[in-house]
Amino acid sequence: MQAIVNISLKEGVLDPQGRAIARSLGDLGFSEVNDVRVGKQILLEIDETDPARLRQRVARMCETLLSNTVIEDYSIDIADET
Amino acid sequence: MTQNDHLMTFDDAAAMGLSRDEWELILKRLERTPNQCELGIFSAMWSEHCSYKSSKKWLKTLPVDGPQVIEGPGENAGAVDIGDGLAAIFKIESHNHPSFIEPYQGAATGVGGILRDVFTMGARPVALLNALRFGEANHEKTRHLLGGVVAGIGGYGNCIGIPTVGGEVNFDKSYNGNILVNAMAVGLANSDRIFRSAATGPGNPVIYVGAKTGRDGIHGATMASAEFSDETESKRPTVQVGDPFTGKLLMEACLELMASDSVLSIQDMGAAGLTSSSVEMASKGGLGMEIDLDLVPAREDGMTAYELMLSESQERMLMVLKPDATDTARAIFDKWDLDFMPIGQVTETGRLVLFKDGGIACDIPLAPLVDDAPEYDRPQNLVPQRPRLASDKAKSDKPITDLLQSMLGHVDLASRRWVYEQYDSHVMADTIAGPGGDAALVRVHGSQRGLAITTDCTPRYVEADPETGGKQAVAEAYRNICAIGARPLAITNNLNFGNPEKPDIMAQLAQSVVGMGKAAKHLDTPVVSGNVSLYNETDGTAIRPCPVVGMVGVIEDVTMAVGSRFVAANEEIFILGQDDSQNDGWLGASLYAAHQGITAIYAPPPIDLDAEEQTGKLLVQMIASGTVTAAHDISDGGLAVAIAEMSLHSAFGAHITLPTSGHLHGWAFGEDQARYVVTTAVGPSLTQAAQKAGIAISKIGTVTSKTELQFGDNDTISVEELKNLSEACLPALMAG
Amino acid sequence: MTLSSLASLRVAITVFPGSNCDRDMMVAVEQLTNRRPALVWHKQASLDPVDLVIVPGGFSFGDYLRCGALAGRSPIMNAVMDHAARGGAVLGVCNGFQVLTETGMLPGVLIRNAGLRFSCRMVRLETGETMSSPFTQGLTAGQSLDIPVAHNEGNYFADEDTLDRLQDNGQIAFRYVASDAEGPANPNGAARDIAGILSNNGRVMGMMPHPERAISPLHGSSDGATLLSKSLEALMS
Amino acid sequence: MQAIVNISLKEGVLDPQGRAIARSLGDLGFSEVNDVRVGKQILLEIDETDPARLRQRVARMCETLLSNTVIEDYSIDIADET
């Protein structure tokens, strides 16, 4: 099964990359852009058929490795979950 | 009979960049029609990039010998003796087209590729340089390309941990649609432990190591051999993505393996991937090779023989091992978590035989791939004689310091700090002089010895007079090496030109190689490696010709080297290579002329190779004896710019005496060659030595503790002001 | 303190795939102590008893995911954490600092440079008023050191409470200060100009600048040698 | 309105980062992980009330700046779109 982990910077953490992109977009004429935040999206292909168990395992992966909880939040999407 | 029933036609060959004659020759040599994989192999090996079909005739004229040469052109990189039983191994290579399409990855993989060429020879890379050309500063793509290329070069070099110590960046509208990204790597090896690529010993195992093969950059060598147009942009192959982390592991694993006694021959997979590596190894050894393509570690399912052979996935090597060394070798690659796979063996057949899915995917003789690779004597137009520019025609009424402000604040001459601070220039802790000076200086680890390295080319001159421009590139590199006190040893070159099928371009290529050869021979700096990049054109417009020279020199004691900054107040400033009577200078093809809006092409400054040699040698002696305390060669922007640059990053200024007659701006901004600005605390010793050696010398001023540049008594500017202009230019450009 | 006495000091340097300042650090320490430090491979799950572990600079595991993240979870770092838990001294430089924050041995995190570019240049550091620590006790508060940086992610970040605590506890070992070198004093936008911090007990230090690249006048500064040798001497006594 | 742009490497393009993460997850005991691919997620806060127009503008941003179409694919999610 597939799991998607979205990792974003916690609110309040400065995102210089997002700011730079917002500025560039403005320079390019996209003046309607107010704010940009950049996060990561991690796609995992996993040998696991039970969505609940999959979610649990992926949460463990996030806590141990995939996200740094000092500055990042994560959310998990399981493709075939209802 | 090969398994692939789908036989090729001339149309297929043409799509791969082969001409009708070349197609006919393939049919004749094979005595049958090739399948897709076979045709792909021919087209790659006969591409301009691999076969040098347009340039070979001229490359053969370059001097390649000398007592210092251990390995000349023909191997992955050249090698020269630097004393102490050590060899400097180096080469330069272009990644122009990929960098235009994807600047970060194109530049990064360029660095990765040139590093593999160097460590393939058994050398640990110790320095990287790069020669870059971008379009006009205000062109819509320049910021994006410059930002991406610089980040990509840094991204690879910084991560793999080899210092990027020098290079050059220039801007000109002829590169708007076709930038140049040339990367040079220098490594060190024991002279008696250099590895070569010729396969040996029929029956010996052929091993694939490194990263897996994917569908990236398929047929890149062919792309590098074609002009750009809007059409090619859409059918371009996927660019390769560099993986400096795997590159680092591969480098460490290969060097560890080479320290054991296991490797018979080794070749990196660069342009044309598995094709060129297997063909070159087998043919150089006068042998054959058999490979089972089903064993090649693949990143994707269902790759065809054609794709496996022409993929340019990065971080891969091919080796022939001693038959009993496989286990030792495997253990090393396991430790570094890299693929290690015996995929075939050396044979006596003189043929390349590839198996796939239980059948034969390719069975072709090797000789025609290499020996019958076409070699053209392409027609050239006569190079027009350019008139000499009279200094009066370039006259301006502005004071020298006004011109200095506009020139040093312009992208042509402004500080390159914005670029080189993105490069880790001192990892390995042996960088004595990093970017920002004349030549870079890198200490040989654990000794006092140092390597001096530089890259140079002035396309303005090459365009105006290819032969003189070719000579000048060597001469300027030579001066940069001498200016820090090192002895020039040898060069590598990267010939960047437009479409050689056009007689004007062919003349640029041929004549500049002639000039480069003459200078290299005269200055005893033979050519030990190089690269050719042609078809640098977009929609029919060629780049300004850019035959880049990378030069390596040696200094016995790095503590004796000098820099180009002023070091002490009250020292005297001299021009070495010019006498007191000179009161004008050569403004044709100069930066000054360009900044005066002169667009017509005038003759560039002539090169006097005797003067270059004598002056350079004297300077090296004067630095070794401690007589000269700082030195800077005079190049773009002439004397005034050289003096300004010497003060910019020092704590000193200068008071310069002007000539009382003649043409002041010619004198200040002329680009006459074979000259250096030097400082000394012992003026009489220096003048005496120069007179004895028959070298012109002229005292022009004094270093001052007041941080101002004073030209005569009425034209003064603060060093701080100039520095701010110079430092602000690139950051302002990049901030948009 | 003489060289021969420093030679009984046991120093280990961790090596990850992608480390690239391990050799430079080894050379620097060997030059100062006359004894070659041990290089320990990341797969090793235990450490022989040592007086100091150095986590060197580089791009461990390519700095993929986040810099220092993958190295922070390698077997050797468990051993290093045990060593630190027993009061052992640990120094992390550049990528090593990033690894130490990823393991939680030091608070905060190093994020992308504010300028979004790799930055390689000489900077000036000022020693903080610190708690008792082997890494700063040989230096005086306010002492300045010229040591180069070379990094893409050296922008120290922690929440305000953490920053206040670091400051109040004397855990800010080094700050970037103005010098005559080109460019802004703070090369990466680090909070409160922080260049290096200490752990709660002062036995673990992380710093972005590379002392091993400033050990001789030929490097343009020997201040890195000062910092390292003072630390080694403190660990000896 | 908010738009989310997910940027992923094209199929066939090497993802060294994903490989390194997959290997580390394996070493950490998550042996069920077969494959990892890493992409970017860009959150844009935009002054625009018409979802269709928003999508169009964001697509333009992707083509001009946000994604490098030589090696990357992008997809756009508009929060309030039906």
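Think of it as A, B, C and D in the order they're written, each chain with its own count starting at 1.
We take it that a contact is a pair of C-beta atoms (placed from the backbone, for glycine too) under 8 Å apart; a residue touches a chain by one contact, two chains touch by 3 or more.
Note that this is a predicted model, so its numbers are computed, not measured.
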In terms of C-beta pairs in contact, which of C-D and B-C ranks higher? B-C
In whole angstrom, what separates the CA-based centres of chain B and chain C? 36
CA centroids of chain A and chain C: separation to the nearest Å works out as 30
Compute the distance, rounded to whole Å, between the mean C-alpha positions of chain A and chain B. 41
Would you give the residues of chain A that are in contact with at least 2 other chains, written as numbers and ranges? 24, 64-66
Multi-chain contact residues (two or more partners), chain B: 243, 245-246, 337
Which parts of chain C, given as residue numbers and ranges, touch two or more other chains? 61-62, 64-65, 70, 73
What pairs of chains are touching here? A-C, A-D, B-C, B-D, C-D
With touch defined as at the start, can you tell me which chain A residues reach chain C in the complex? 12-14, 16-17, 20, 64-66, 68, 70-71
So in the complex, which bits of chain B are touching chain C? 151, 154-155, 158-161, 243-246, 248-249, 336-337, 417, 420-429, 432, 443, 558-559, 727
List of chain A residues in touch with chain D within their complex: 6-8, 18, 21, 24-25, 28, 30, 32-48, 57, 60-61, 64-66
Footprint of chain B on chain C - complex, ascending: 17-18, 20-21, 23-24, 27-28, 57-59, 61-64, 117-121, 148, 150, 152, 182-183, 212-213, 215, 218-219
Where on chain D is chain C touching in the complex? 16-17, 20-21, 24, 27-28, 38
